[in-house]
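Chain lettering (A, B, C and D) follows the sequence in which the chains are written, and residue indices restart at 1 in each chain.
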Amino acid sequence: MKLHEYQSKQIFSHYGIPIPSGRVAANAADAKQIAEELGGHVVIKSQVLVGGRGKAGGIRLAKSPQEAEDLATQILGIKIKGLPVRKVLVDEAASIETEIYLGITNDRAERKPVMMASSAGGVEIEQVAKETPDKIVKVHIDPLLGLRDYQARDIAAGIDLPREHWQTFSQIGRGLWRAYLRSDATLAEINPLVITSQNRLLAVDGKMVLDDNALFRHPDLAEMRDVDVEPKAETEARKYNLSFIKLDGYIGCMVNGAGLAMATMDIIKLHGGKPANFLDIGGGASSEKVAAALRIILSDSNVKAVLFNIFGGITRGDEVARGILAALQEVKTDVPMVTRLVGTNAEEGRQILSEANMITAETLVDAAKKAIRAAQGGEQV
Amino acid sequence: MKLHEYQSKQIFSHYGIPIPSGRVAANAADAKQIAEELGGHVVIKSQVLVGGRGKAGGIRLAKSPQEAEDLATQILGIKIKGLPVRKVLVDEAASIETEIYLGITNDRAERKPVMMASSAGGVEIEQVAKETPDKIVKVHIDPLLGLRDYQARDIAAGIDLPREHWQTFSQIGRGLWRAYLRSDATLAEINPLVITSQNRLLAVDGKMVLDDNALFRHPDLAEMRDVDVEPKAETEARKYNLSFIKLDGYIGCMVNGAGLAMATMDIIKLHGGKPANFLDIGGGASSEKVAAALRIILSDSNVKAVLFNIFGGITRGDEVARGILAALQEVKTDVPMVTRLVGTNAEEGRQILSEANMITAETLVDAAKKAIRAAQGGEQV
Amino acid sequence: MSILVDKNTRLLVQGITGNEGLFHTQHMLAYGTNVVAGVTPGKGGGWVLEGKVPVFDSVRIAHEATGVNTSVIFVPSRFAADAIYEAADTGIQLIVCITEGIPVQDMMRVRNYLDQKGIRLVGPNCPGVLTPGEAKVGIIPGDISIPGNIGVVSRSGTLTYEVLYALKLVGLGTSTCVGIGGDPINGTSFIDVLGMFEADPYTDKIILIGEIGGTDEEKAAEYIADHLTKPVAAFIAGQTAPPGKRMGHAGAIVESGSGTAADKIKALQDVGVQVASHPEEIAELLA
Amino acid sequence: MSILVDKNTRLLVQGITGNEGLFHTQHMLAYGTNVVAGVTPGKGGGWVLEGKVPVFDSVRIAHEATGVNTSVIFVPSRFAADAIYEAADTGIQLIVCITEGIPVQDMMRVRNYLDQKGIRLVGPNCPGVLTPGEAKVGIIPGDISIPGNIGVVSRSGTLTYEVLYALKLVGLGTSTCVGIGGDPINGTSFIDVLGMFEADPYTDKIILIGEIGGTDEEKAAEYIADHLTKPVAAFIAGQTAPPGKRMGHAGAIVESGSGTAADKIKALQDVGVQVASHPEEIAELLA
């Protein structure tokens, strides 16, 4: 779960990291009011969960409350990478001397958190990693011991931070580690961490991504989820504990198992089709779950055919088939359906489905081809 | 640093351990008021930092606010093991079905915290350890990983706690671990942890000892120190960073180094004398520090002689001698002084001291014997 | 024989009285796996499945009473890390964790702890380990595979079943199938299992089933080049996965352009591994 | 030669620019110890003691630049645990920590961490290690001891100096003197050092100086009975210490009737160790 900049910075502040004074506003009048409180010289920042806000005109400087209001009006009207801006953060403007990157993420290969820093702040770390990898300093953190003070100092030295800032930098590093640890984050980054012209360190922008699997122990953080920014279908899918991702193709996919679901998408593509979604219905396949999944798939008007790919393992094929039939009773549609059932009791399952108005297939390749043809209107049964 | 029962229970409560409703009172009127708020049926508990309060009449049950006031008056007038009772805790009385012991302390030999529990609660754990050691269940805690839930359950099973209480008991165990960890305690114990007749678990009495060396990171806890209960001299010594413990003998000791200080006390005893104190003045020996130490030693009217035992190592003997002389200028006394200086520049030091009105000695045995004789009035120079 | 689990496995089921635990214990027993004990805290002293398996309150008690040497974990995700510690602290040397959805920071701590103790964890978020004809530890359907000489290692569940089943359909059998799980931090990597298969006399050929996310497949390719003499065929799922999205598995995500299927396929092909274009093709490649 | 420190010691001083660090570095250098580098974060690039010792910002940089193999720590107690981790993570195999007053929970974590890595820590709250004529690492005065064949191990500081000095006065010398420190949780125990002395060809006799608190002396007695062939004499301080009070050293406390001097003396005497009634007597026992 991604957090907005303003949410991330609230958390940072809670752990002792200095952030600019500021508040979030959902309309231009509030933005003006906040700008007045902050003395007029502010920065208006769109709160959307994508990068590149600056280039898209989503971050603007205002020299007066009136200008703040005008700019907020503009920014609240635009879309950035397709996402409408619903909130702006109004922050006291800082005069920036130096920009630093400081972040913590999980290093899968080392199975440890890694703290990364770079003197090339303000730029996405991936870009720095590509263009000037030697500018990135990395320190792995022992997950049982936590970040050590000497490691934070090593990083400060590694990015040639002036010594007068080492102690504050270490405190910020410790704060970021605690924010990461206690929020169960998978990413906590300050970018940029700036040195102001008053020679203070300040976390001007921040980003956190939380581990969805750990939200059960952070009910306060779970409430921060902004469902406005994700496709409605994904919100709906989460309700039914379905793993769903919308894509831009036209063949809806319903598969049991994440790996098999990916392989199904791949094979559709391999044969010239385009998958409309990733969907893993998981183990079992009750008719309610299948029905919900089907409704979600069909809510996308691009979908011209649906491919069921089910491997009957512990769950028996005939049971799954009945689940699908029951779901079809509920969700009336004339979109063509192709079903491939393999494994335990697959034969019985295929029998049940072919008696309904469904196209059946034996192999995955066969299923993909039939689904593509059906989508093109070439075969309705 | 020992905490009072009411302080320990405040901390426990902060970490989610259920404690009885109650407040501390410094006078009987307040005790009555609290008893009224709690519904009248209360227990009045003297807050002194020693065990055996119950036997000494320091814990009494009251059935009405008036009785609470009367009992508080009584208890606030007594001394327990020489310590005056200055505060009482007024707690809602619990009807107790079962008493359990649950505590965490440091196991030096294993270099790990150890959680201990016993179904024989309400008794001091040392006594249980002596009389029925098989009633104590111990689990060592990995200091890097912390208490695991399964360990708390193992303990619950080990003391034959009814299963319905396992989950709550585990939560209390986790709370106690966090209280111990986050307070830098060396001991955190609930004794007794009771099952009430309403079948609830409740921490009726508690005790915490904090690590003095870690108080720098717990300014809030450091403020809880009750200086009323320790000898004035020890409070004074702490100010000067002197390690001082009052004893009941008559030969004051001033030594550099803790081991040597203990050995000095031992040898006084070996030769028939009685040390009046333990005192380690540490490295160096500035005249201010020596003067402060001397004042503290002489504030005890039992002291009939003072023995200086100084090993000149990195610190030179002549320097130490000058420090002692300067201190004697400040602290006028006619208590006889015996000085033993050994090590670097000891000869020069002895020279300086013998010119003053001091008895000098070469060996530790010699010094002890001379101090004992001086204390008995046998030798004034 | 083969690797990890076999006739000598004395299995403990942690979370045996839960729906999943009980259901799969039944299937494991039916397969002939030597399930000797179960644990559910607070339910010790009972039996499940018509008296076939005794239930204990803790792993320690179960271990003392029955001498289990392997544990399979079905407890809910919020308790799973604790269950792993409990098994590890009791000295069980092989732990198979089926549970999905364990917080990743928990797993980093678990993995670092187990590494210190030298204890092997398979999973979490995995279908378990199957040695056809000998033992089934986890949830891989027993009837989709026959004994044989092909070692299978995979990050996936049903996709693996596809492959086992496709092999069976053409008469090929499996020495052991190891599901290492779809989480970003797990106990056993491709490399670990490849090393075991290379050393195992019952395995002659190896199938590796990977997917997007991380660099485990790339490392496996290096390892194959340096250490493996047995032929390896592979399939990588997720060629069409969009970047930045978790494809069901917590570990299946293309991040900052790294972890793509294309990279993995290239790394494997570069060291001479045949990579199938769809799962059913693997059987053909090894036939 | 002897144990732990000698002519081959290449010493790093952590906290070299502090009062204590600088003062004792001077003495260590004067003694002939090979002090090759110092560390004080934020002061890297400078030199101390008229250009004799370079100062670095971190142990890693100092290690890379000078190849230190031993570290002695003088940093204040609240930063000392971090200094130990820094030395350990850099791969320094012997760390001597002089600092007094480190929180005991910090030390439990440190000790458990170092044990995993197999790194030796002497101290904290100790006077260090002295191999007369070769190297002095810490604060033991150099001129109170001469080279010889007696190994000394002690929980105390000045009390140890007494013994070294008493030995010197009767012409006896020391192979190595190891101060293991007065804290309840430390890096090196009596047993560890007794084992090293037993194996050391330069040590013929051993002196053990204990004090109240804990059970390290009792364990040493057991170890002596089982493993030592060389004669051991001992002194235990604190016979008159009242229970429940910390006698200066954080570890010197009689708790719940355990850790008394009487118990320790009896345990040692029971295994044939001669226990002196006062420190000066030890020299006589070994003469």
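By definition in this document, a contact is a pair of C-beta atoms (placed from the backbone, for glycine too) under 8 Å apart; a residue touches a chain by one contact, two chains touch by 3 or more.
For clarity, every value in this text was computed on a predicted model and none was experimentally measured.
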Subunit B to subunit C, fewest steps along touching chains: 1
Centroid-based (C-alpha) most distant chain relative to subunit C: B
Chain centre separation (subunit A, subunit C; CA means) in Å: 28
Centre-to-centre distance between subunit D and subunit C (centres being mean Cα positions), rounded to whole Å: 49
Gap in Å, rounded to a whole number, between the CA centres of subunit B and subunit A: 54
Residues within subunit D bordering two or more other chains: 109, 113
Subunit B residues counted as touching two or more neighbouring chains: 144-145
Chain contact topology (line, ring, star, complete or other): other
Set of all touching chain pairs, with the criterion as stated earlier: A-B, A-C, A-D, B-C, B-D
Residues of subunit B that touch subunit A when the two form their complex: 144-145
Residue ranges of subunit C touching subunit A (in the complex, touch as defined): 23-24, 27, 77-78, 101-106, 108-109, 111-113, 139-141, 143-144, 154-162, 165, 182, 184-185, 209, 211-216, 219, 235, 237-242, 245, 247-252, 256-257, 261, 277-280
Complex interface listing, subunit B residues touching subunit D: 106, 108-109, 111-113, 126, 129, 142-144, 181, 184, 186, 211, 213-214, 216-217, 243, 245, 247, 255-263, 265-270, 275, 278, 280, 311, 313-314, 342-344, 363-365
Subunit D residues touching subunit A - in the complex, by the definition given at the top: 41-42, 44, 57-61, 79, 82-83, 85-86, 89, 109, 113
List of subunit A residues in touch with subunit D within their complex: 145, 148-150, 153-154, 157, 163, 166
